[in-house]
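Multiple structures are listed underneath, in structure tokens.
Two complexes follow with chain A in common, the first pairing it with chain B and the second with chain C.
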Partner chain A sequence: MQKTISMPNVNLPQSEQRSSALKPIGLGLLIAAAYFIAIPLVFGANGYLLNVFTTMAAVSFISFGVWLTFAIGRINLAQAGFALIGAYVTAILVSRLGVSFWICLPLSGAVAALLGGLIGWPVLRLKGVYFAMITLCITEACRLTALSFPALTRGAQGIVDLPLPGELSLFGLTIIPAFEKGARLPFFYLAGTLMLLGLGFMWLLDTSRVGAVFRSLRQNEDLASSLGINVAKYRVVAFMVSCFYAGVGGAFFATLQQNVYPTTFQVLDSVYFMVYCFVGGLEFVIGPLVGALVMMSSFELLHEFQRYQTVIFSGLMILCILLMPNGILSVVKRSGKPEEATNA
Partner chain B sequence: MLEVRGLTKIFGGLTAVKDLNFTLDAGEILSIIGPNGAGKSTCFKLIASFLTPTTGTVRFNGKDITGIGPHAVARHGIVRTFQENTSFQDMTVREAVLLGYQKDCKASLAGMIFRSPRARRDEREAGDYADHVLDMLGMTGLANTVSAALPHGMLRNLGIAVALAARPKLILLDEPFAGLNSDETKRGVELIRKIRDEGVTPILVEHDMTAVMSVSERIVVVSFGSKIAEGTPAEIQQNEKVIEAYLGAEDTEIGL
Partner chain C sequence: MTQVMLNALVVGTTYALIALGITIIFSIMKVVNFAHGQLYMIGGFVVYYFNVVFGLPFWFGLVMSFLIVGLLGVAMELFLFRPVMLRVKREEVTMLLAMGTAVFLESLALIVFGEKQRGVPPIATGIVELFGARLPTGRIVVIVVAAMLIAALMAFIGYTKTGRALRAMAQDREATALQGVNLKWLSAMGFGLGTGLAGLSGGLLVAIFAVHTGAGTAISIKAFLMIMIGGAGVLSGAILGGFVLGFLESVGYALLPGSLTFLIIFLIVICFLIVRPNGIMGKPWG
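Presenting the complex of A and B:
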């Protein structure tokens, strides 16, 4: 069913275009129903599992950004760095200035996107392994920056005891009530909402002309620029959107854990965000979500193997990449209708 | 229409293009020929702003477009094709051609993502134009074929189709006949005339002498980066310098 997501429906006549848009929307509703209704009903009593799902949703939200940089043909390992920036923006504003979390959440994304634009403009000229290396350095640089400015970030001590999100009201009308101490469901729902909004926006973007332009950059930047596409502008836009996702996700995690340390997001997290995309499949908007779901749930399921948990998990991952180099979702596509290429 | 003045490009110690001058009128089919490494492709890259010339200017319809960047040159109406079978591998033929229409899309970024009425109108116009281009190249039947699955000749045509979809005024064709059989070449020559009749002025860089002689109205011969001759195909075939510098003993080859 997932294969409809990345179907290039731009080339279908109007009527078909509309019907092919129905399937992804249906899939979106299915995910929403599973997340918002089924999971709380089945696992609602198990706080630990709710936390796992909350983390999974937020992590896949951040990974959507990495997926987008893959779409323009860049291996992005800076995502954890920008998530850390988002986390600190929220932590500092909430703890020092008492700004509402609901303002900080989008603001953190905006700050991360802005910094991403400034850094991305020169850095995005690089490709392949060079871009991967420099983004890896960016993640590390963010951690070191957080360590070196204790006046602002409190250094290694971190910013702790962040307040829970307060009430969100508009014109005296309460839209979201204040989060209660110890309650897990509010964060669970918030993470799910972010995930679905993030997925929806990615889908809109991917199926639009902007998505086609991004794919053209991955395949041949020279050819794209010869057609009048401002390559530099589009890749910065893609990177900024990616950083926005990271910033918002970082702000979410800071508030969920009620603290931020320079080690909250590290290089390893960047690698994980990237791996979720790989495991799920780079051709599909929904790939990062599938990747995060499969990897995190299999890790939890292997819990009973105790100290062998990580070994077995890594072995499974290697098998997964070997057998399905294009991600889990590529199997779905292969078993579906034969590819258009057979027309030739 | 196009005016190249004193164009020079030096790579380190190598002068790839040296003081090249030529002009081109709208609707004229011009070919640039010369031995391998003569600087023909470099010349194309300089015109299309993929490279910045060391000295010299390129003027298009009176405007100086020297070194303004490939996408900016494209927006002025100059689009190039590539020597290799360059295409968007994963896209279907129609998707690639639709993308070619990009520079005439007027919707904003957000408009495109959220499907504003302007963006939808762009898509409709792009679709109509893509169908027109595919029809012109006889590729309608291949519209939904993935580019990577196309045979060589069709891939070459796709490159031209994508460039045409950008609605250029001037199209730079880099070796459009390379690797084509004589049948395909004949159709290619027809195609270039058709492109010209559509109001797009073509410039060719080409090695296939038979094709060059039959399609060109004027030929510029380049050797070691400098222009050594210019004229009609008949004049070039008689030109002593050309025969000596370029064709050597194989002068029978330029006869049709």
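Presenting the complex of A and C:
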């Protein structure tokens, strides 16, 4: 029954989509090669730069989640809040109960997704600015929760001195050796793996039927529900996937920094995750990655300006929006070939 | 309890002023001004500089806070929001632009004004007893001034020609333009009026609470709470939202430890929005 429904926007480029499937896969391999081979070869000796790339990969991983909520037509500013939840789940489990990091990582995502589902079910009824404002409040509420229950979260002192990830072994076979103190490469590879898995899953989701359903939610929820789509179910699923990304990313950052404070993820981080999606371009799965790459490397390049760094950075951000209101990739696309019938 | 109610009144009137500013901008431009708290903070610093650094009267500083922050708003509308709104495919971009402006203003303020908390000398001395509760005279002055400003603003929007044009533009831009109203001038002025109110409330509250460069985000979040409670885009809703938040906050601070108050307020607002997604007074927006 459901299979016979043809969405207004997928019936057009059906054949085109299949033939061009090679291009995204090629692009993915190119990114993987650049990240796993080229960067360690060129910058391998520079620990600081490796850290920057690690952060960039993990941040774009979290931003993929924001991108997905954009795909269903919601402006999600709760991402930092759910990242904080993920970070605390890992920190508490690792430090109090001694659970292995490799179990905590997916578990943090699952907890964040579960909470996201619970909160998202009622909150997703709101649209537009209301949703943006309420999700901003959720981020702030997460910070206050961490502050208000010191018995569990140790309040403003934060949970510090988290152990590094131990070895991951299956049937006595070591798959990933234990992380050594001070070694940056393991975290670098872990962040890259997360990023590529996240990107790959987003791409699969976006090109599948579910992706078309998500886009239809953005265009017109009433019309989508008239076609027999369970709107409430799909938007909660999209939000939960987004929260899963946030939770896993938060757990990664908690372990990378070996500590977590209520201010580890705050409203400004939510804004930045959104900025990365925008700067890259909302019509492209790879947008958050491009945005994070451009914005974070320009932030690092401005490092010399010391205390003027943030001013110049935000000034550039405003300039970026002024000159390219539809994202960097939209400019690249326009110069490459004439404007296609986009889904927007 | 009377004491708590009086505190709620002090906070409520100034909050209403903040909420009115953000509502004016939202209703005429359909932009949520995420930089509102930062403009509030700048208003506070303007008063501090005129009053403490230059040694001029507090009231002169207050007028200047309205003018300077208002002009800042006009510039924001002319050079940032207008060109972007003409060209974007998705309206969310204007929201992002407002956030970028917020970060920019805050980091700029950190360089210009420094990190220290700044306050002004009390605007009035003495304590007044009211219904068995004691209230510093300065706070009563703030209530009266804020209430007068709200009344003046409502009269301006309700009864003057410009106010009528603003209301018409909030309802239907094209129909207003057809009536011969100069929309370009009017939307810049409306934006400036909204930001000016943020500056004014910042300048007024600096007489009670000290201001620091990081105060913006918290004020913005409070402003969002107020317009979510009252209903976005409705002036009476903004005033109501301001008083409701002021009341909840004062009661919460009197009964609960610090950070728990706002956590509970957030939960109340989320639950409230499930029942009434458009706030108390709000109409459904597309």
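Going forward, the second predicted complex is superposed on the first by the 319 of 344 C-alpha atoms of A that agree within 3 Å, B and C clash if a C-alpha of one lies under 4 Å from a C-alpha of the other, contacts with A are read in each partner's own complex, and residues count from 1 in each chain.
By our rule, a residue touches a chain if its C-beta (ideal position, glycine included) is under 8 Å from a C-beta of that chain, and two chains touch if they have at least 3 such contacts.
What you see is a predicted model; the values in this text were computed from it and never measured.
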Exercise for the section: State whether A:Phe305 touches chain B only (first), chain C only (second), both chains, or neither. Expected result: neither
Practice task
For A:Ser148, select first, second, both or neither according to whether it touches chain B, chain C, the two together, or no partner.
Solution key: second
Problem - Touching partner for A:Ser314 - first (chain B), second (chain C), both, neither - result: second
Practice task
Identify the partner contact of A:Ile134: answer first if only chain B is touched, second if only chain C is, both if each is, neither if none is.
Solution key: second
Exercise for the section: Please tell me which partner, chain B or chain C, touches more residues of chain A. Expected result: C
Exercise for the section: Find the residues of chain A that appear in the contact set with chain B and again in the contact set with chain C. Expected result: 344
Practice task
Sort out for me which residues of chain B touch chain A in the complex.
Solution key: 48, 50, 69-71, 74-75, 79-80, 82, 86-92, 94-95, 98-100, 102-103, 105, 107, 109, 112-115, 119, 122-123, 142-146, 148-151, 162-163, 165-166
Completion exercise
Residue positions on chain A within touch of chain B in the complex are 8, 10-11, 201, 204-205, 208-210, 212-213, 215-216, 219-220, 222-231, 237, 339-341, 343-344
Problem - List of chain A residues in touch with chain C within their complex - result: 70, 75, 119, 122-123, 125-130, 132-134, 136-138, 140-141, 144-145, 147-148, 267-268, 271, 274-275, 278, 282, 307-308, 310-311, 314-315, 317-318, 321-322, 325-326, 344
Exercise for the section: Mind listing the chain C positions that touch chain A in their complex? Expected result: 26, 32, 80, 83-84, 87-90, 92-93, 95-97, 99-101, 103-104, 107-108, 110-111, 217, 221, 224-225, 227-228, 232, 257, 259-260, 262-263, 266-267, 269-270, 273-274, 277-278, 285-286
